[in-house]
Structures are given as C-alpha cells and as structure tokens.
Amino acid sequence: MMIIMHPGAPKEQVSGVIAEIEKQKLSSHVIEGVEQTIIGAVGDGHYVAKEIFEALPGVMSVQRISQPYKLASRQFHEQDSVFQLDGFTIGENQIPIIAGPCSVESREQILEIAQSVKEAGANALRGGVFKPRTSPYAFQGLGEEGLEYMAEAREKTGLPIVVEVMAVSQIKMMEKYVDVFQLGARNMQNFNLLRAIGETRTPVLFKRGMSATIEEMLMASEYILSGGNTKVMLCERGIRTFETATRNTTDINAIPVLKKLTHLPVIIDPSHSTGDSAYVSAIAKAGVAAGADGVIVEVHNDPAHAISDGKQSLTPEAFAKMVKQVKAIAEAVDRRLVDQHERV
Amino acid sequence: MMIIMHPGAPKEQVSGVIAEIEKQKLSSHVIEGVEQTIIGAVGDGHYVAKEIFEALPGVMSVQRISQPYKLASRQFHEQDSVFQLDGFTIGENQIPIIAGPCSVESREQILEIAQSVKEAGANALRGGVFKPRTSPYAFQGLGEEGLEYMAEAREKTGLPIVVEVMAVSQIKMMEKYVDVFQLGARNMQNFNLLRAIGETRTPVLFKRGMSATIEEMLMASEYILSGGNTKVMLCERGIRTFETATRNTTDINAIPVLKKLTHLPVIIDPSHSTGDSAYVSAIAKAGVAAGADGVIVEVHNDPAHAISDGKQSLTPEAFAKMVKQVKAIAEAVDRRLVDQHERV
Amino acid sequence: MMIIMHPGAPKEQVSGVIAEIEKQKLSSHVIEGVEQTIIGAVGDGHYVAKEIFEALPGVMSVQRISQPYKLASRQFHEQDSVFQLDGFTIGENQIPIIAGPCSVESREQILEIAQSVKEAGANALRGGVFKPRTSPYAFQGLGEEGLEYMAEAREKTGLPIVVEVMAVSQIKMMEKYVDVFQLGARNMQNFNLLRAIGETRTPVLFKRGMSATIEEMLMASEYILSGGNTKVMLCERGIRTFETATRNTTDINAIPVLKKLTHLPVIIDPSHSTGDSAYVSAIAKAGVAAGADGVIVEVHNDPAHAISDGKQSLTPEAFAKMVKQVKAIAEAVDRRLVDQHERV
Amino acid sequence: MMIIMHPGAPKEQVSGVIAEIEKQKLSSHVIEGVEQTIIGAVGDGHYVAKEIFEALPGVMSVQRISQPYKLASRQFHEQDSVFQLDGFTIGENQIPIIAGPCSVESREQILEIAQSVKEAGANALRGGVFKPRTSPYAFQGLGEEGLEYMAEAREKTGLPIVVEVMAVSQIKMMEKYVDVFQLGARNMQNFNLLRAIGETRTPVLFKRGMSATIEEMLMASEYILSGGNTKVMLCERGIRTFETATRNTTDINAIPVLKKLTHLPVIIDPSHSTGDSAYVSAIAKAGVAAGADGVIVEVHNDPAHAISDGKQSLTPEAFAKMVKQVKAIAEAVDRRLVDQHERV
C-alpha cells in the first residue's frame, strides 16, 4: 500500500499514518518528495482495507500494490485450477459447453431441450427455476417442481445440471438436485449468499455483475473460496456501457486479464453478453479464441414462445451449428471440446 | 408498444405478431412503411413485457410507449405522495435531513453521534448493523445488538431510525426496532427481498443500484408498491461511470427526471454519490436546488477511525455547517428544513 | 511517480528503471516489499509521462503522484483566476449568465433573441455559426455571415458574444468578431486547435469532452495555458453514461472537484448536460448551488422551429424564470448575478 | 419515424406534427392509443433528423425506424464491399494484417521495423507522423520527414503504408505519400476533416471514437462515403467504460453487429482496445473469430524505449507468434491470411 499525503501535510499527520501502518502489522517506509510525502506500507497487505488509511488526517489518496484477494490469485497458485464435473474435467485443455433454456417452463419442454442439446454436443444442461425478473408482473419460475424436471432430464441424458441459486434459504433444498450452482450477476455482491455457497462443496458458476470490475469479481469470489469451496468457475456475461446496439457489452478483454490474474477457469456467456441470438455464435467463438475455458449458452426449442429471454436463445439447430464452429476454434488454439463418449 | 418488423418480413410473420397482440388483450394497428411494417399494440400495456414480442419471427425491435410501471407513475397519481414519519411529513414543502454513521460500532459511538446530529439539525438517524463489504475479511456489523443501540439512541433523542435490511430473514426481527427500512443499492433488484418489504407497512428508503437506469429503479419500486407498501422514498446515490475522480457520479439529472415521472419523494445521498467528505456539502446543496425532497448523509464523530466509509463521513461540525447551507438553499427554492421543535 | 515492479523482477530490471528515472532528472527511492519492489521517482514530475516507465521491462504499473498539469493547478496558483469580459468580471463573487441559440439562423432571429435574453438578464450572447452535425445532411451553419449578425446583436444590446471555433483556419477571421471563443466538446483533444487558441489572447469557454475525465480536461486546458492565453473558463456539459433518460449525465461532482483542483472558473451548461428544456432550470440551480461560477444556456425564440437543438432550448419566458431562480440560489451561496447596470 | 405524443396532447398539436411530416415529404399515419397518440411518418426518412420533431409542442419522444445512414447500410448494398489495396484485396476471404510503430521516430527505426513486420507476415505498414498527445509537453511527431521515411520503407519492403491524417491542411501533402489514410478516434466526429477525406479517393481506415456508438460511427462514415470515397474500412479500437483493468474495453460485439448493419470491411485494433501487449494476441484472435476482416497492431523493435505507446507494442518476435495464431483462427472460420507471395 502506498499512502500519498496532501502537499504540506504536517509531521504529526505523517506520524499518525505510520502508527496505523504498525497497528496493521505492516512496516512503514517514508519517501519525502518535492511536494508531497509518500509512505509505503510493506508486508502482507492483501487483506488490509485501504479505507483504513483513506480517512486519516492528511491523507490525499491510497494506492494498493498487492491485490485485495489472495486465494483467487495466480500469484499464490500458479497452476490452473482443475476440477471434475460429473465425469469431465474443467480447467484443462478441454472446453465444455453448457446449454439450455433460460427458464424451465414445463417437464416436456426441458426434456425435449435436454435431448436436443445433448445430441448437438452439450456437456451440461442449464435451466432456471427461480427467475429474477425486472417486472413484478412476469413469470417467476417453477421452483422445486422445476428442479425435479431438471433431475429427470439429467437422468435421461447423463448431462450434469446447472441451476441458479438466489437465496440462502434455497441452498439446502437445491443441493440435493444440482451439480453446479449458478450465482447470478445480480447477486455477485450478495455476500450472505456467497458465504453460504462457500460452506457447500457444490461447484459454482460465478457470474460477473453487470457493473462489477474484474477486481471486484475476484474479491467477491474470495467469499466462496475462503469458505473452502474451491470449485469456482468465473463467467463473463457482459457489462453495462453506453452502447445500446446490444443488451450488454461483452468485455472480451476480461478473458485474458482473468487468465493472467487468477487460476480459476473462465467461462464465456455470449447469450447474456449480447442479448441477441444473431450474435451468440460469433461471440462464443471470440471467447474461446481469447482463451475461455468453456461456453454457456441459452437454447430453446421454440424461442418465439419462450417465457423469458427468447430473443437471445438459439434454436437447437443454430446451437448445433455453433458447436461445430466453436470446435474448429478450440482446435485452432490447441484445445478441444469435451468428448461426450469419454464422459459417459 | 410498437413492433417494428424486419424489412421484407412476410405476411405470415405480421399475422403472427397480430395474433400475439390479441392474446395479450391489446388491439393491433398496422402501418405499412416503405421499407418496413410497423405494428402498434394499443391498450393497457404497462405490464406486458416487450420480450414477448422481441423473439417472434420477423420482429426487428420493439419500442415501448407506455411506461413499464404504473403504481409509481405520476401519470396515474398526479399529486406528490405525502406520508408521515414519526411526527414529520415527507413529500411536502419540508426537507428532512437523515444523518448518522455508516456502521453502528458501539453503544457509546451511536449515542454520541445521535446527540451530535440532533443538535446540528438532523431529523432522523441512520446507522447500519449488517454491513455488505466487498472484502470477506472486513467488519460485518453488530447485528441485533446494533439495533438495540439504535433504539436507545432514538429514545434519547427522539429521532426516528433508518437501518438497512439485507435479507428476507431479517425483516421480522427488524420491524420491531426500525422506523424506516433502507434498501441498499446492491439489493435494488433482489426481488425476493423487495416483495417481502412490500408485505410490510414500514416506510422504505429505496436506493438506486449503481448501474440501474431510472426506469429500472421505478420498475423495482413497483415490487414494493404492488405489495401495498406505499411509503417508498427513492434515493439517488450515484452511478458508476468512467470518471474516477469521485467514487461514483451523482446523477443529478435523475432528481428532476424522477420528480417528473413519479409521485414518490426523492432523497439525495451525497456521501455515497461522491465518496469524499470534501464534496458532500456541495452536492447536498445541488440536490436540494434540483428539487430533492430530503438529504441523507454519513456523519461520524471520529471519521479517521470509522470502521467503514470514514473518507466520506462528515464530522459533526462539518455536518452542522452543511445543514446551515442546505437550509439557505431550501429557502431559495421556497421550501424549508423540517423544524425540530414542531416535531417533538 | 511510483513504479511498481512485477513480483520477482530481477535486479537488472530495477536498475533499468532507476537509470530511466535519473535520465528524467528525478531521483529514485527503492522500497523492497514482501512480494514486490516499488521505486519512487522524486522531483518535479508534472510533465514526465508515465508511459515512459510503463513499457520498461519488469514494470507492472506506474502510479502518478503529482498531477500531469501545472499551469491549471491550484497547487501553484492558490487564488481563483479572475479576468474581465467586456466590463464584467469572471471568477469572483458574481455569476454571469450566457444565453442564446444553438445556431444563428438569420439576422432577424439573432437580433430578436439577443434582445429577449438581455431583457431577461443575460450577460453575454452565445450563437453558433459553424455547426458540427452528426449527420452530413443537416444544416451546417451560416459561417462569417452569422458572425456579422452576432456582431450587430452585440452592438444593439451591449452583450459580449461567445462563438464556437472549429478549425485553426477560422481563428484569424473570428478574432475580429468574437469576445469569447467556445471550444466544443468534440474538439477538447484537438491539440492543433488548442495550441492555436493558446496563441491568441481571446478568452475561451472550454467544454469538457463527452467522455473525457476531469484530469484529461485539465491536461487539455494546459495546451491553451502554455501558449500564454490564461483566460480559460472550464465548462461541464455532461458526460456519456449508460443512462438514457437524459441525453447526457450532468457530472455535478465535477464542479466541486474542479474548484478544488484548479483556479480556473467553472461554468455549468445545463442545456447540453440534460438535452431537455424541462430539466434545464433545475440543473442550472444545482450547478450554482454546487459552486459553479457561471451558467450557459440555450434560448430560442421559437424552439419548435429551431434548426438545431430545439428540444433543449428554453423560450425567452422560461429563461427569464430560470434567471430569477438562479438568482435566489446565487444569493443563498453568498454570490450574486452580474448586475447589468454596472456593466454598461 | 414514430412520433409519440404526450398523454392528453390536444388535437392542434397532433395536427402540427402532421403538418411537419408532410413538409418533410413523408406521409402520416395516426394511431390513437388508450393514453397517448402515436403518429407514424412513412417514406424515405433516412436523412430526416428526428430533432425536427422532438421540439414540436406536445411531442414526448421520437423513435427512428429507418437507419440515419444509407450509403453505409447493408440494406441498400447487400454484398460486402470489396476493394483493392496495392495488390491485395480487402473485404473478401483474405485477412490482411497491418503492423508498425505508433510513431515514426527515425529513418533507421522505421526501416528496421518495416523489414521485421514484413518477414513476420504483415501486409501493410502503419506509422504516425503527427501525434495527438494528451500532454502538450510530449513528442508531437516528425511530420513530412516521417512520411519520407515511410515512403522509403514502402519502397524497400513493398508494403503499402497507413498514416493518420489529423487536419484538412495535411491532406494534399499526405496524398502524395500514403496508401491509406487513418482517421483517428479523436477525429471521428471532426466533420470538416471527414468531408475533406470524402473528396479524395484514398482508402481510409476509419477508427471508432472512444465513446461513439455504433450508429454514430456509421453516420460519421457517411460523411466520407457521400463525398464519393467508398473505400472505407471501419476499425473497432475499444470504448471507454468503467473497467480500468485495461485501457479501453474492446467492444467485440461491435464486430458481428457491424457485419450485419454495413457492407464495409471491419478491422480489429487490439493494441488500442487493450492498451497492453500482454493481451494483444488474445484479442486479435477473438476479433478474427468474431468475423473481423483484418487486424491492425502496434509493433516496435524496442518497446521499452518507444516514444509513445510502448506498453501496448509487440516486439517483432511476439508479432510473428501472433501472426501464426491469427492464421490458425482465420482458417478455422474458413478464411485465410493474405499471401505475401501473391501480392508482390
């Protein structure tokens, strides 16, 4: 941490900062500049909040040097994290594809889609049963009934299932059903929920908040990791910017940045990051070309009548085409799609 | 709703859209343009999601005409909402000032601050007992113990208390203590929590999410209003932009925009919208000049040692000075601060 | 400047950085942290670009301590800049109001508006004669003919005139007519133009770019100041954000931030920062309440038929009402509007 | 164009809008909604500004249906634009790579880099001779001397040259030297310059402004196209967002969006869109995977001592590696890099 004093800050203020540095078990190092004094705080400062120094008298600003997270950092875990998901591996050369509808609407719907996406090459099935909707008057999901349909779909296809968890009170019930918890963008800083997920040992697909920085994303993932749940996959799903031609702006830079900063696997979600099925395949390819370790996409058997997110859902046919294209890109970057035959 | 078809969309697709319009109990109206067909959907469309039409074959885009909210809209409730808060009125010519620390840290701290802000002119006391922190290693709040201290502070000063609620499970317990629930920015689209607050009759200070549009804010408030809880105060607390000179960007435009679109009272929070005590007073004044109906600010007796948000907290002396300045602005726009004597 | 090395950067890389620091006539100061080495570069670093260090081997990042501008900085010029504009003073307790149409459309139009705004209390007349339009098919301005009408309006009303300059080639011709050059938001980083304006001694109304940070704005103003033209007024006119309810987002925080960082006067432009005449008065008041030293607004005698920016233009009646309201705010912050009688 | 009236707008206001529609040679079509009247304006409205209607009394908002550009639109030019650049083709299955330093620093430097990038597979050489710098105290470019060195580099390597033009006054002189004008991000809405480039017949690499929407980019390109210069390549070079981990955010979505909206070729610039050489290769690959028709990158023989943009410049070795990777991606999307042998 570097603490920059206001020009002309008196000695007592410098001493005050030094005292606080020592209180935090760091050692201090003073540089007298021409206009300003700078104080370095040396030691393990990953978990010392810079806010502690910002409010001290005479402090102009505080610059972090060490990252405000540690368990997620590649600095302390150089190798890529690798973990198993029901028979296949995440974080190695293989690239899994997770597909399914935004919402589970009915038993027939989910069984049909599960079969379609499996045939087209999916490695896991997604489907929401609790739906956070911007309008209180919209469909809110099937709840546990939906989980039963998801479980049946898994049984019939062998695909592990990924379902969003939205509240601490849902965790226990959901654990019986799901292979992977999805932590949604709106809950990225719902710290109670993060802690509770950290207590489980269920893998997590962790989505970046719509206006979260990469650093905030990694800090939030630390809530889960610090509970002992190390199976966290980070997911880029688009950020909010001034551009309105697409629903969100895919932060494709985040893929190589995350691969540099963290050992956790990184997944691209081109459905939410574009909001338009016309662009999903192009962005899925871009994500894998940039280094993503997996792809999650929305697929619906009848997008025109989907209860939610129809506009961004691929038909099973379009999905099958996308899988072929992503396969070619994966091979061009010396990786490959997960082979379904191996898995079963 | 106006549904714009792709150039060259065939007649069957136009018919498909018309059928859906009728299914939604709206009536359709077709305009054949030179390049494109446009279909108007006429009727009460406030609660018809535009997503329903976006995914239909041949649809290029959908434009809303009616607002996607109704209870919050001034269109159906022309007069300003006015409601009582423990002896004084919100939403009339008077401007209340809510002040207090970010976190309740101890009994002594909150009693001292409560006394100071009361003397300086505050009309209500704020203080958090559950703290959402970006780092899992930071202080997480005193919980119910903190509520007891807040209640004691109320008893001693007569100031009603405003406390953030962060989970559905906290509501019942908190209702016994608090006069106003604060709904934090990170929970603005936590729809389960919104619904649950809507079931209570406790007034709510509803904060705009860091990257929420004004429209999304009004739609989310509809979750509370539709439960029958009509005592909602909207709070502008800054949005995330590219500018880094301040922690957030105060969207001052939101004040007159909200006053036009909704009948709900609008509060300015200059502490979070700037993140720096040096700018709080200027922005408090700006907010009231722009039409805000109240001000909420962070005040701490010892900002340099506050456990959280010290940098943006005013000292009691700076707060007293701010109150005087805001008073002059309030009078310049033909309003006045709440008179403490009236209230007791 | 603090240069932060990558963890594990070898000694030669540290030496390389030290050598470059010395080459820049700064002195170096090394802090060996637990994970990383940090090198302070001490001396007058205002004009040393941090890019020089960023590309050196082993450097992870570079943090500026000193501001990358000097002439604009309050650090070296503590008192507010004060300068005369045709009989009245900018940068003191008085607040001038500049008003007029977006474009000069005809002799009759500008003479009529000039008279109206003068009667309502304006202290200077604005009007564009070269119009940068997003569409190549729109009206592009009257050019020098428009300047003649502006000059005539000045003669008839006594109001000094403010006109946007868009190219180096226009400066010489325009200098004969205008009292103040306006430098438009799109040209904020047109460095050739900035330099050329710096060579003149005509006061400049310098508009912030739509996506420029406050720091970039001050750096760009340095181009003008370093040429010897010290009469620069900075103008906040809104930034681009995700919010679409208004055309731009007024960065009201920028007003107190600029007042702290620079001695130059700061003007608020609520017409462009909102894009809607319904919000102009509220934001003009907010700007003055936050500390602005002046207001510039668009006024048109017939907004419905203005060639450009009709939506955001006030009628003369609405303008007169705004002046009264801004006057009350100015007095509430211990300032006052420029008195027209003094001036003539 | 759809004109949406305020609720309760009287008949005269509706008639006023209809009159204006007719004045614009469009025909009107009225829909009486439950709360509001909507008026469709039917006809060729590409070049009718919506501002004309926005300021009319009673108008609440105006929605465009037709795009505000026509020459750039794929709607009127279905096939991809294809044009020649000194022996190779832009806009077909081949993907050219343009490489070179940010600034031409000396004869030796540019000749050496030209040779290196050619050997590594570049198809054109870039290099700036007029440098827009955010600080007035930084290197401003070699001017015409730099052009002579660029021309010599072309002669020695056979690579066509791409140089940024920054002012109308430079065009004539530069035309003698350059094969492609680069129009920089800061000048994207410098309409005088756009018009002047439109008068030439020199191909243009047209960069998106840092905060320009895709629609604004296409509207601005119309300035060049409408002058008769049809050889315009659009370049995505990153936009400004809240994320600070990279200098800009690559708007990768813009690639497929542009390919849908326009027939013009689209180039990706991963050097500026990331600002960090560590991420350039990943984003170059992502761009081509998403459908880009070419790549432009900064390469420097000694990035640590580059006068500008060293941090984002690749070494010739890193560039050669990038070319190999981009080649694999190009082939995975059924395209190929331009074959240098064909070209000479």
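By letter and in written order, the chains are A, B, C and D; residue numbering begins at 1 in each of them.
The rule we apply is simple: a residue touches a chain if its C-beta (ideal position, glycine included) is under 8 Å from a C-beta of that chain, and two chains touch if they have at least 3 such contacts.
The model shown is predicted, which means the values in this text are computed figures rather than measured ones.
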Completion exercise
Farthest chain from chain A by C-alpha centroid distance is chain C
Completion exercise
The larger set of C-beta contacts, choosing between C-D and A-C, lies at C-D
Fill in the blank from the handout: Cα centroid separation, chain A vs chain D, in Å, comes to 32
Completion exercise
Averaging C-alpha coordinates per chain, one finds the centres of chain A and chain C separated by a number of Å equal to 40
Handout entry: Distance between chain centroids, defined by C-alpha means - chain C, chain D (Å)
Key = 27
Practice task
Mark out which residues of chain A touch at least two other chains, giving numbers and ranges.
Solution key: 211, 240-242, 244
Completion exercise
Interface with chain D, chain C side, in the complex: residues 16, 47, 49, 51-52, 54-57, 68, 132-138, 140, 166-169, 186-187, 189-192, 194-195, 210-211, 216, 219-220, 222-223, 226, 240, 303-306, 308-311, 313
Completion exercise
Listed in rising order, the residues of chain C that touch chain A in the complex are 2, 4, 7, 29, 31-36, 38, 40, 42-44, 63, 65-66, 75, 240-242, 244
Handout entry: For the chain B and chain C complex, residues of the former touching the latter
Key = 211, 213-215, 239, 241-246, 249-257, 260, 273-274, 278-279, 282-283, 285-291, 325, 328-329, 331-333
